[in-house]
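Structures given as structure tokens follow.
One chain, chain A, appears in both complexes that follow, with chain B as partner in the first and chain C in the second.
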Partner chain A sequence: MPDLKPLTALGAAAPRVDIIGALTIAETPNVALASLAARKGQGDAVVEVVKAGLALDLPAAGRSVANTSHRIWWTGPEQWMVEADFTVCELLAEALKSIVGATGSVTEQTDGWCRFDVTGDTVVALFERLCAVDVAMMAVGDATRTSMHHIGCFLIRTDEGVIVIGPRASAGSLHHALVEIAGAIA
Partner chain B sequence: MLINHPLLGPRDASEFTYLGDANLLNRPDWQGENAVEAFHDYLYLRDNPAGLHRELWFHEQGDRSWLVVTRNTLTHEILGVEMARDVARNNKRFEGDAQ
Partner chain C sequence: MSVNRLHGGLVDHETAVNFSFNGKDYQGQVGDTLASALMANGVRLMGRSFKYHRPRGVMTAGSEEPNALVEVRTGGRQEPNTRATTVELFDGLTARSQNHIGSLKYDLLAVNDLFPAFLSAGFYYKTFMWPRAFWEKLYEPAIRRAAGLGSVSFEDDPDVYDKGFLHCDLLVIGAGPAGLMAALTAGRAGARVILAEEDFLLGGRLIAETNCVGELSGAEWTAAMQAELASMDTVRIMPRTTVFGAYDHGVYGAVERVSDHLAVPEAGKPRQILWRVYCKRAIVCAGALERPIAFQNNDRPGVIMAGAVRAYANRWAATPAQEVVVFANSDEGHQTAKDLIAKGLCVPAVIDTRADAPDMAGIEVLKGAQIINTKGCHGVTAVKVRLASGQTRTIKCGAVANSGGWNPNLGLTCHQRGRPVWDEAIHAFVPGSDLPVGQSVAGAANGVMSTHGALATGVAAAMAALGDLGITAAAPDLPEAEDGPVTLSPFWHVAGAKRAWVDFQNDVTVKDVKLAHQEGFRSVEHLKRYTTLGMATDQGKTSNVTGLAVMAEMTGKLIPETGTTIFRPPYVPVAMGTLAGRSVGKAFHPTRLTPSHHWAAEQGAQFVEVGNWLRAQYFPKKGDTDWRQTVEREVLSTRASVGVCDVTTLGKIDVQGTDAAEFLNKIYANGFAKLAVGKVRYGVMLREDGIAYDDGTAARLAEKHFVVTTTTANAVTVYRNMEFARQCLFPDMDVQLISTTEAWAQYAVAGPNARKLLRKLVDAGHDISNEAFPFMACGEITICGGLRARLFRISFSGELAYEIAVPTRYGDALMRRLMEEGEEFNVTPYGTEALGVMRIEKGHAVAAELNGTTTAANLGMGRMVSKSKDSIGSTLSERDGLNDADDLRLVGLKPVHTGEVVAGAHLMNATGPIDAKHDQGYVTSAAYSPSLETSVGLGFLRDGGNRMGETLRMVNPLEDQDVLVEVVSAHFVDPEGGRLRA
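On to the complex of A and B.
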């Protein structure tokens, strides 16, 4: 067997961490993702089975929920994204499909996205320069999709700051956008 | 310009793309007697009102919902925003398809 080493979304062996002024921008690897869409007429049923299987209520529009093993955020009407730790739950889509059965459709998303965790006192100042969403008004747990530097991203407001989930193929451009604006307000 | 998304609240117009007249939801019956004529009208004939216009917008950089936006083309004032799927399901022609 060849000795294969995984690379992070930015192409290095170790995740990148930038500390700029009050902000820390940390690339976060090892994220397993799967999208879930309720099948026709199964919107209530899928909520029931996910609650039984993952002990989480599928969130309403613009919201997210999390426990120690999973995070789920709303992506559209009767559609959600589910996140777990890749090192624990590599086959997230398979596990999720076994939970939802015929009530929902599940699509593997792990390789499509990259994640940056942005923390620090000036996160609102950073994101109000990057996107059109009113980040100052986002409560903890709010999650939305918007574009930053023409890159479509999910933003999830947490206690610590903001989680950015963007397209993995544009990880470098997204990182550049975050670092550039962080430098401008430092 | 802000579009007041029915689920997400006011969102910047830059997150949306525009398709056109909301009558595009009313696709003719392809098996109808006058299908050729109906599709010609559906495809090529558009009203171009100076004033109220119902149009389809897509929240591409958001939740990917199609919206029916009622807009005044003279002032750009937005008077109403509905989910296109609700509009389609409320349309009598889609009764058999509604849940």
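On to the complex of A and C.
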């Protein structure tokens, strides 16, 4: 264990949770991320090895898949983002590379991003003032990329609400946008 | 009870609302607009006209209002040019008239009205032609002071404005009879419907007229419909929402006035929301706008559209006067008289231009008559009527209800250059066939003027739209409703009038239109620009067609041949604050914080914006007298011992794949294919035209794995260009890219003690000695007890230096650790200023040198452009004009005696003329070098490589600077590079 203390994307030791009206906006730092891109001509092969290694089918455009240990969402043609619990699998990129081998390129993305889990009855009202995505029509598991207050983000619809994954350096601005609009619809 | 307040209507007579106009307190009722409340209080004079400063009062009852423009609220919330007809009254509202000097009643600028001949169409163009120099300094400011409309307070608006995005199957624009039926049809079918209504009440003309729908009054039927629609989960009713623009792909712009009806928005709530509505189909049910008949002095307060008079009486229980004369060219006049009589008002006469107008029991109908003038100082007191017999009669009255017919509200149907067509049956333009894709029109907006027709076409349009979308729907039963014919006999203006207003907002008269024709401005677009007809906040909603009719009369053409001007969004004015949304102040753009930001803030660092990044610019210490002293301390301390700088902002692009090395060979001008694993190489990227656009390093972490670094400014551009190259230029290569800029906190550790400091952090087992980890080495290591890190032996400062990267969450802790462990070396954090000074001392180029005009050769790196391989830009870098013998070369400059080198200054020979023709080059970067204790600079000098030691004049005529400078090597510090290899 390194003797350096990590900070969350919002710059604190502990993650921030805001409860505003019917919404809960929770900073979620304990996620490990790794990007996966199929090597040239290895699109089918990488699907096979990931299925064998993680028991998940790499999702098609606009979708995500998840099991108890991993979540994967589509990010581009033959490109995906893989997520795992940071406390269990900090070295996700290494682990994933060992699974995909020469079929894919893997890059650690853990600290390139920040994540906010937004839950509550008014998530649709929140996101209609933040992005052009029709969140009301997103099915559980739908994943897409959008821009919120000029910040490029991923949105993933879950049973509980919406996961927002944005660039880590802009975590403060993204959080500000979420909280401000949550206040406006409260 | 107020003097002109009637019984009934949709205002709450039991609940008073206090407001003030021009400092005088009044009472209105809940449900009033400012216009209806002022009217009820007997206030007719509400403003002054734009040009002649004529007294003006309310003319309409909607957003088409050209006259009653006022300033509402005060301080930061003050809003000019607000139509009193759309201001929902709230307790404490303050409003003021505008565009006058002195009081509203005795406006000094009313003197303009005495010289109308001098202020006719084209006045500015004719009058202020010379002397030319007077325009900017004298004429324009004077005209602006005199003209202008409202004023602003120059205080910050305290309210917030939101933006949002809505999606639906069907957008219904307007909640009159057509819109309500369209929404009902679609809502019952389960479609996602948005029903947008500009007014704060639904119903449109249904709540302004006395006609019944089925067994119910218009208001009752509307309420029933609203209740049913509100009960549907898929229907969203949006009152106070104006759809102002129809854009491509079924996108509509709308403004929801969330809090305009409140004194102060609820905490956290926006004042307005700018919505972008994505719809599969849209039905425009925006109704029609009544047009006036132009006659002499038809602009006096009290001359009001007949439909508006009915709306004020029936909905708002207000009348402009107790005696109202009606002037019309259709049965609208009769209906108006009937409604007013029912409210107990006096209608002295209905003046109908039609010789065959029907009679009315109990009211005198003057058939074939025309109003030829009005009387009254600040409002109508009488009208002069020319009877069919040619005799004239003066009739006392306090108001004129004026109707020249109705124009379908075309704006949204024409926003994509649609051209309306003339409908001879209603004597008005109706939407053409070239509507925006997915849009249809129903009701009066489509020229269907009866209530029954509106209800029926609303259903039909919805059924058609739902059919297109594959949604099965059942047409609801139509209630019985008024279904009378259009009885209009066209009549545009009373002949022989000296000054009959067509465009009330811009003071354009029939004569102005005629003058424009006389002077050759016959195209409607020329007419508009020459006379200003149809410009300004109302965009000619009440005036355009009348203006066209007059022009058609002049040219002897038909109105449809004369055509219309182009309609453009926005349909009504949209406040700048609404367009800006929350992108104001510190939230103007997102901010990117570096991993050491919070630590740097604790140190009192000054930050500088670099794109969206905030970077520490310098770290003032107690005792520093100014920023320059701080920067010099940081430079000297780094060069003497060790300094640390956050360089996370540099772009980092992860490049992997079998062809990664070959791909970089294409991207960089210099070779990368043979770079050994564990090594870093400096590289230059060229644009396709051969100009250098970015530089940086690429580190080979593994055979098929590189990390490319870019400049901070070009991080996105380089990544985008590389992705374009990957996908489009070299699609057969096996290469994968992804940005990792923010994933790694990266710090430059520079200075003679850099290695000693790092050794205290690097875990045992990783040898970073000069032998094991020489200059331009790179590798993956662990630090601080097992944390994965990347180490690069690269130097921007020219010192022994490393860049160390760790996962960003540990960045703050690493900076703190470096400071703690570096204490024994007197470690100093340094910011971008010191970074800049050191790179100038070292002769490293940045954006100032890679300025979009310079080649690798100009930068002294011509040999880096490999001839043995093809790369982007390499071929065009060899073109004529980029390779002349006396081309610019990067050189160093320092003053010969005294003075400072100044960036932006130009270089001239020591003797000879100082002019552009003899220009020898220019200075790109300059700084005071604490290491050399002199000012130094970098610049491009013609044939600079062969002019070392030469003395030149550095001139900056703009600031009277003229300094003798010596041409020296750009590498001021350690030109042999001994330090960075130490």
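Remarks
Operating definition for what follows: the second predicted complex is superposed on the first by the 183 of 186 C-alpha atoms of A that agree within 3 Å, B and C clash if a C-alpha of one lies under 4 Å from a C-alpha of the other, contacts with A are read in each partner's own complex, and residues count from 1 in each chain.
Note that contacts are C-beta pairs under 8 Å (C-beta built on N, C-alpha and C of every residue); 3 or more make two chains touch, one makes a residue touch a chain.
As the structure is a prediction and not an experimental result, all values here were calculated from the model.
By the touch criterion stated above, A:S147 is placed in contact with chain B alone, chain C being left untouched.
For chain A, the partner with contacts to more residues, out of chain B and chain C, is C. In the superposed pair of complexes, A:D3 makes contact with chain C only, with no contact to chain B. In the superposition on chain A, contact is made by A:A61 with chain B only, not with chain C. Once the two complexes are overlaid on the shared chain, A:A132 sits against chain B and chain C alike. Once the two complexes are overlaid on the shared chain, A:R39 sits against chain C while remaining clear of chain B.
Looking at the shared chain after the overlay, A:P29 reaches chain C, while chain B stays out of its contact range. Once chain A of one complex is fitted onto chain A of the other, the partner contacts of A:L174 are limited to chain C, with no touch recorded for chain B. Of the two partner chains, neither chain B nor chain C is touched by A:A14.
Legend: residue contacts after superposition of the two complexes on their common chain; A:V88 is shown touching neither chain B nor chain C. In the superposition on the C-alpha atoms of chain A, the part of chain A touched by chain B in one complex and by chain C in the other spans residues 40-41, 79, 132-133.
Those residues of chain C whose C-beta lies close enough to touch chain A in the complex are 160, 162-167, 267-270, 273, 276, 278, 582-583, 587, 589-594, 597-598, 612-613, 648, 654, 656-659, 732-736, 738-745, 782-788, 806-814, 817. Within the complex formed with chain B, the residues of chain A that make contact are 40-41, 61-62, 74-77, 79, 132-133, 144-147, 152.
Within the complex formed with chain C, the residues of chain A that make contact are 1-9, 11, 29, 35, 37, 39-41, 79, 91, 105, 107-113, 128-134, 136-137, 149-151, 167-174, 176-177, 180-181, 183-184, 186. Per the touch definition, chain B reaches chain A in the complex via residues 7-9, 11-12, 14-15, 60-65, 83, 85, 99.
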